[in-house]
Amino acid sequence: MGNSAIWHDLKDPNDPELDLLAERFHLHPLHIEDCRHGNQRAKVEDGADYIFVVLKPIHVTGDGEVRVTDLDLFLGQDYLITVQEGECPTVRSYLDQIHAAVTQPRPDQLFYKILDAVVDAYSPPLDWFNETIDSIEEAVLDKPSPVTLQRIFETKRGLIELRRVLSTMRDVASHLQRKETGLIQGDLGPFLRDVYDHLARDMDMVEMQRDLLTGAMDIYLSSVANRTNQVMKVLTVLGTIALPSIVISGIYGMNTKGTPWMNSPHGSEIALGLMVAATVVLLIMLKKFDWL
Amino acid sequence: MGNSAIWHDLKDPNDPELDLLAERFHLHPLHIEDCRHGNQRAKVEDGADYIFVVLKPIHVTGDGEVRVTDLDLFLGQDYLITVQEGECPTVRSYLDQIHAAVTQPRPDQLFYKILDAVVDAYSPPLDWFNETIDSIEEAVLDKPSPVTLQRIFETKRGLIELRRVLSTMRDVASHLQRKETGLIQGDLGPFLRDVYDHLARDMDMVEMQRDLLTGAMDIYLSSVANRTNQVMKVLTVLGTIALPSIVISGIYGMNTKGTPWMNSPHGSEIALGLMVAATVVLLIMLKKFDWL
Amino acid sequence: MGNSAIWHDLKDPNDPELDLLAERFHLHPLHIEDCRHGNQRAKVEDGADYIFVVLKPIHVTGDGEVRVTDLDLFLGQDYLITVQEGECPTVRSYLDQIHAAVTQPRPDQLFYKILDAVVDAYSPPLDWFNETIDSIEEAVLDKPSPVTLQRIFETKRGLIELRRVLSTMRDVASHLQRKETGLIQGDLGPFLRDVYDHLARDMDMVEMQRDLLTGAMDIYLSSVANRTNQVMKVLTVLGTIALPSIVISGIYGMNTKGTPWMNSPHGSEIALGLMVAATVVLLIMLKKFDWL
Amino acid sequence: MGNSAIWHDLKDPNDPELDLLAERFHLHPLHIEDCRHGNQRAKVEDGADYIFVVLKPIHVTGDGEVRVTDLDLFLGQDYLITVQEGECPTVRSYLDQIHAAVTQPRPDQLFYKILDAVVDAYSPPLDWFNETIDSIEEAVLDKPSPVTLQRIFETKRGLIELRRVLSTMRDVASHLQRKETGLIQGDLGPFLRDVYDHLARDMDMVEMQRDLLTGAMDIYLSSVANRTNQVMKVLTVLGTIALPSIVISGIYGMNTKGTPWMNSPHGSEIALGLMVAATVVLLIMLKKFDWL
Amino acid sequence: MGNSAIWHDLKDPNDPELDLLAERFHLHPLHIEDCRHGNQRAKVEDGADYIFVVLKPIHVTGDGEVRVTDLDLFLGQDYLITVQEGECPTVRSYLDQIHAAVTQPRPDQLFYKILDAVVDAYSPPLDWFNETIDSIEEAVLDKPSPVTLQRIFETKRGLIELRRVLSTMRDVASHLQRKETGLIQGDLGPFLRDVYDHLARDMDMVEMQRDLLTGAMDIYLSSVANRTNQVMKVLTVLGTIALPSIVISGIYGMNTKGTPWMNSPHGSEIALGLMVAATVVLLIMLKKFDWL
């Protein structure tokens, strides 16, 4: 009387067993097609005497890519069929744990456990995004560079993807909660609401992360503008210091006659004095009129 | 008993046959006018004893322009009239395939096949946009240029257009699904929902593409600002290296008397040494105070 | 039995005839006030035994300004009163055409004709905006200038105005369509829906134009940033070419002793060679390290 | 039988008369507290046998600050209590006018008069914002400066404040219109709808002003970017003209031997010729390759 | 008959007393889990014969960080359990005050007092944000710097967090107000609406603060752009003054023959005159053609 009697756990949508099950439980051809085509939205649909649910497990790969797969479930009166599309190590390990741990024969409880596991598996990606955004925020203020730009870009892509998944999953949870069907017993109500709450909290978090990332982008632009401004100031101060000296030394380098103090034995000292004086006057003016 | 008995497939809205059909099936003059004026929104309208549907087939031309045409359908109890406005090779070839393949006499099934074909034909344009945006993303990070700007602009135009079409088409699918009419039999319900799902997924995709494109635009601006900053730095470093040397060589080029080391046999070496020293000190200061 | 028997067409809200009509048909004082104060939102209101409708005709003047006026209508069982506020040549000419052409005695049909005319008159302004935006798009990519900025600004103003009018007009059309009143007969239903469709399409168009204009603004900013970047590069290359030569010629212009090759008969050639070499090395470095 | 018999017009919420009235008419302690704490949202609340309404009069001070105060009203079957919080000269003068002019004994008509007066008093601030935005628009195109920036900022603050007030006031008007209570007689219906229309039009106006101000901000940024670009061009052209001359004069200033034409009697003319030629060639190149 | 008979005030969710209470009052295990896991959304949930409410007290720490904790409440017919998670000194002191002051035995009144206290405690953080934004606004106009950028960033984070809390708290208040349950008596209705109003006003305030902060960000960018423009102008004017002098002195420094006035006894004066003249002409041109 283990799970195996009621839980048909297919690891591959092309498993011919799916066709046998489809025949046995009168599964709608469109639902079987959905299992095999993959890349569905999360959704709940009524079948003849079962409900068909598509969940979207998520995991983040080592190099920070968000991978979304499909997990299809058929929940009947006395059976549960799960069809895993794509490889998601996180959800596989969760499913294996449920296999090992759960022994009750109620399909709707099994269904809830799996739904809960899929939703719990969203937390590590969300944490990963939190850390990434924190490190981006630091980078844009400290050292804005094209590399940061690229990271903002990729993180944004990931969040857009994640948001899309969460939003449809939340619709699924809301739908399941309100659904009047004999297939899910009443005592699961608070648990389904709990799953919904969890997803709503995750959505809030993703919205907040998107806001922060947009902010980081703005900060990046402002930060670069600020640094350009800084560089310009350095250049202008350099020019301010050098230009009067160049002009004055140029004048005393002319081969014309009659330049004042040209023949004075202190000519060079006078010229150098003029240079220093002109530079100082210019710097004071810049300061005083707040030109920089 | 082929399709031709029930399917009136007009390739030109100005075909006088349309007037004959209008008289025979009591089609409303406003609907006929809609067929002939073109450029309608996708919509579903009730006629006397038929429904009038405007679909919006799409194809992308070789040079990346999104072309939207109209396909008008009149679905009655025992007939289906399709009126193709404008040239859309994709939808034409789909219609021809349906002509060849389908032989059942139910007009509502024919209607569904055509609707499904029009919606399936949205996938190639979406893929084309995906690729375009990927290549734009690369370009803005690598080599932002006015050409990229122009591409962003044109892609945005296309997406705005596409979104408009998808949004009205989704309304049509939703409308058809909820419509209570004897003209569409109940067994088509799941199939119409499938079409709706497809369109909702497409809308999600377009929204995501718009988000990404907006992001690409921001990246463009940031990337250009970054490059200007870079160029400014190069100019400032150049100035930093050259200006002290110019000032010092100017001083030693003066024709005044009393410049120190002027008459020393190592005068030039001393002057060059001063130049190098001044430049090095300046570079160290820039580095130390993090001015660049 | 012409129009004149049922259609009271006032060209001026201050016409004392309006007071006579108000008394005769028991028009509400607030509605008369609305006619005389002008600048209302488009709206539908119920009177004692009539409906009061404010429409917003639009025309674009020669120098591209969007002018909005008011056209007030009182539709009763056996009369139609129109009060034109402000001068709108377009709507006047439409009204005159209707006067000439229409001879049926039904006030609700007259009402529909006028509504349809006002809505048709929105198309020329929309086309004008389309052309304007096209020419702005070209200008921002080719030659961004303050003049373009001013045009973007004014076009945006016009679109904001237009959008406001269309949105309230669409509400009016939707209201009229759903209104259950004996004053508008059922056979006008499809025609009113047609007007609504037309306005919805116009709104779509204006939304799209706003999106495009916002895009054009972003492109403007990016385009200017790009050009500044370009100018900076030119300046930096100029500096790169000139600075080494200035430094080297400065050194050979010093009046010190011991400058190498100073006394060589090929001194100048050597110096020029050094200049060319330094410039070339610098240009190669800029190229190699991708500094520009 | 004047107004004074039914209208209790308190100019100060701390007037002990309010406590007497509260006891006499059984006013809820929370409502009295609302009167005395001030800074409420505009709202309508039901009391035991009265309705409690908070209105938000507005006036603009001489130096362009938007001041919002509270006006609290208790409308009972045979009494109207108004409590004015804060000083608003505009609303005070309106109330005084109503005191002088109105003599009817119906509290609901008095209530409407006051509501209408408060809403009418929104027009001068809106006109003031219109003028301010017009003058900002001119300033950003002509002479963008930090002063303009500050004005944009303050105007934005004012509009955000104004919008908040209008939006809650509109809710109040909508609420009053739909309210089924014996306290407001049916003949005031069209007048309340008129107030609602007025507020809706004001909201439209504020939304439009916000859009325009956001546009002005964008224009500001673009305009500054444009001017920086212009300044850069001037600097680059200056450099283009001066640098070749400096290089060439530097070369002819070298103390080396073998510079061509050095000893020619037309040496200086040749050198000057070279300078002019180099500058002209450079300017032509800038022009030809569209580098500026 | 004090509060202690009906109010079970747990300061730590891990207090084993909670388990005893859970058993005694049949609290749902999911609710106990919510208490112990913390970091919930504010929410209202129905238990068997009680309602479970999560509130979110807020306080700002000395260094301007917004801290959000959880306060869980179980409201039964004749008991109230509060479970405080995390340390929030503000809410603790409020709770202690209620302990001291309140002596009535009605749990729903106690519940309202606590809810009201939590909501009142939002005002100091809001005031703190108001002051922070005021000081940021001044800083961006006066002295935009990376430090300001960082402050904008952190304030934005805080506001996003605060908004999230307020929005869920408002849902709770709205939920409680509409809830039909025997646990909250009717006379608390106006008081709950008052709490709702308070939260709505707070939300308005946070929205306004977000708008202002976004505006401050834009001003920052514009202000930096403006300053860069200013710096560029200074540099260009410097160049304008120096370059003609450098060119002319360079020419008179050439060792060639035939330079005009070279041998004139007033040569230097002539050369200096030329320098001044060239500079003046250039400055006049810049002014006249509005190049800067």
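Brief remarks follow.
For clarity, chains are labelled A, B, C, D and E in written order, and residue numbers in each chain start from 1.
Just so we're on the same page, contacts are C-beta pairs under 8 Å (C-beta built on N, C-alpha and C of every residue); 3 or more make two chains touch, one makes a residue touch a chain.
Quick caveat: nothing in here was measured; it's all calculated off a predicted structure.
Following the contact convention of this document, no chain is adjacent to both chain B and chain C. Fitting chain C to chain E on Cα positions gives a rotation angle of 145°, stated in steps of 5. If you average the Cα atoms of chain A and of chain C, the two centres end up 36 Å apart.
Taking each chain's centre as the mean of its C-alpha atoms, chain A lies 22 Å from chain E. Contacts with at least two other chains are made by residues 221, 225, 228, 232, 235, 239, 246, 250, 253-255, 259, 262 of chain D.
Because contacts link each chain to exactly two others and close back on themselves, their graph is best described as a ring. Chains in contact form a single ring whose order, set by starting at chain A and proceeding to chain B, is A, B, C, D, E.
Contacts from chain E toward chain A in the complex involve residues 28, 30, 40-41, 43, 45, 144-146, 149-150, 152-153, 156-157, 160-161, 164, 217, 220-221, 224-225, 227-228, 230-232, 234-235, 238-239, 241-242, 245-246, 249-250, 252-255, 259, 261-272, 275. Within the complex formed with chain A, the chain B residues making contact are 137, 141, 190-191, 193-194, 197, 200-201, 204, 208, 211-212, 215, 218-219, 221-223, 225-226, 228-229, 232-233, 235-236, 239-240, 243-244, 246-247, 250-251, 253-260, 262, 282, 286, 291-292.
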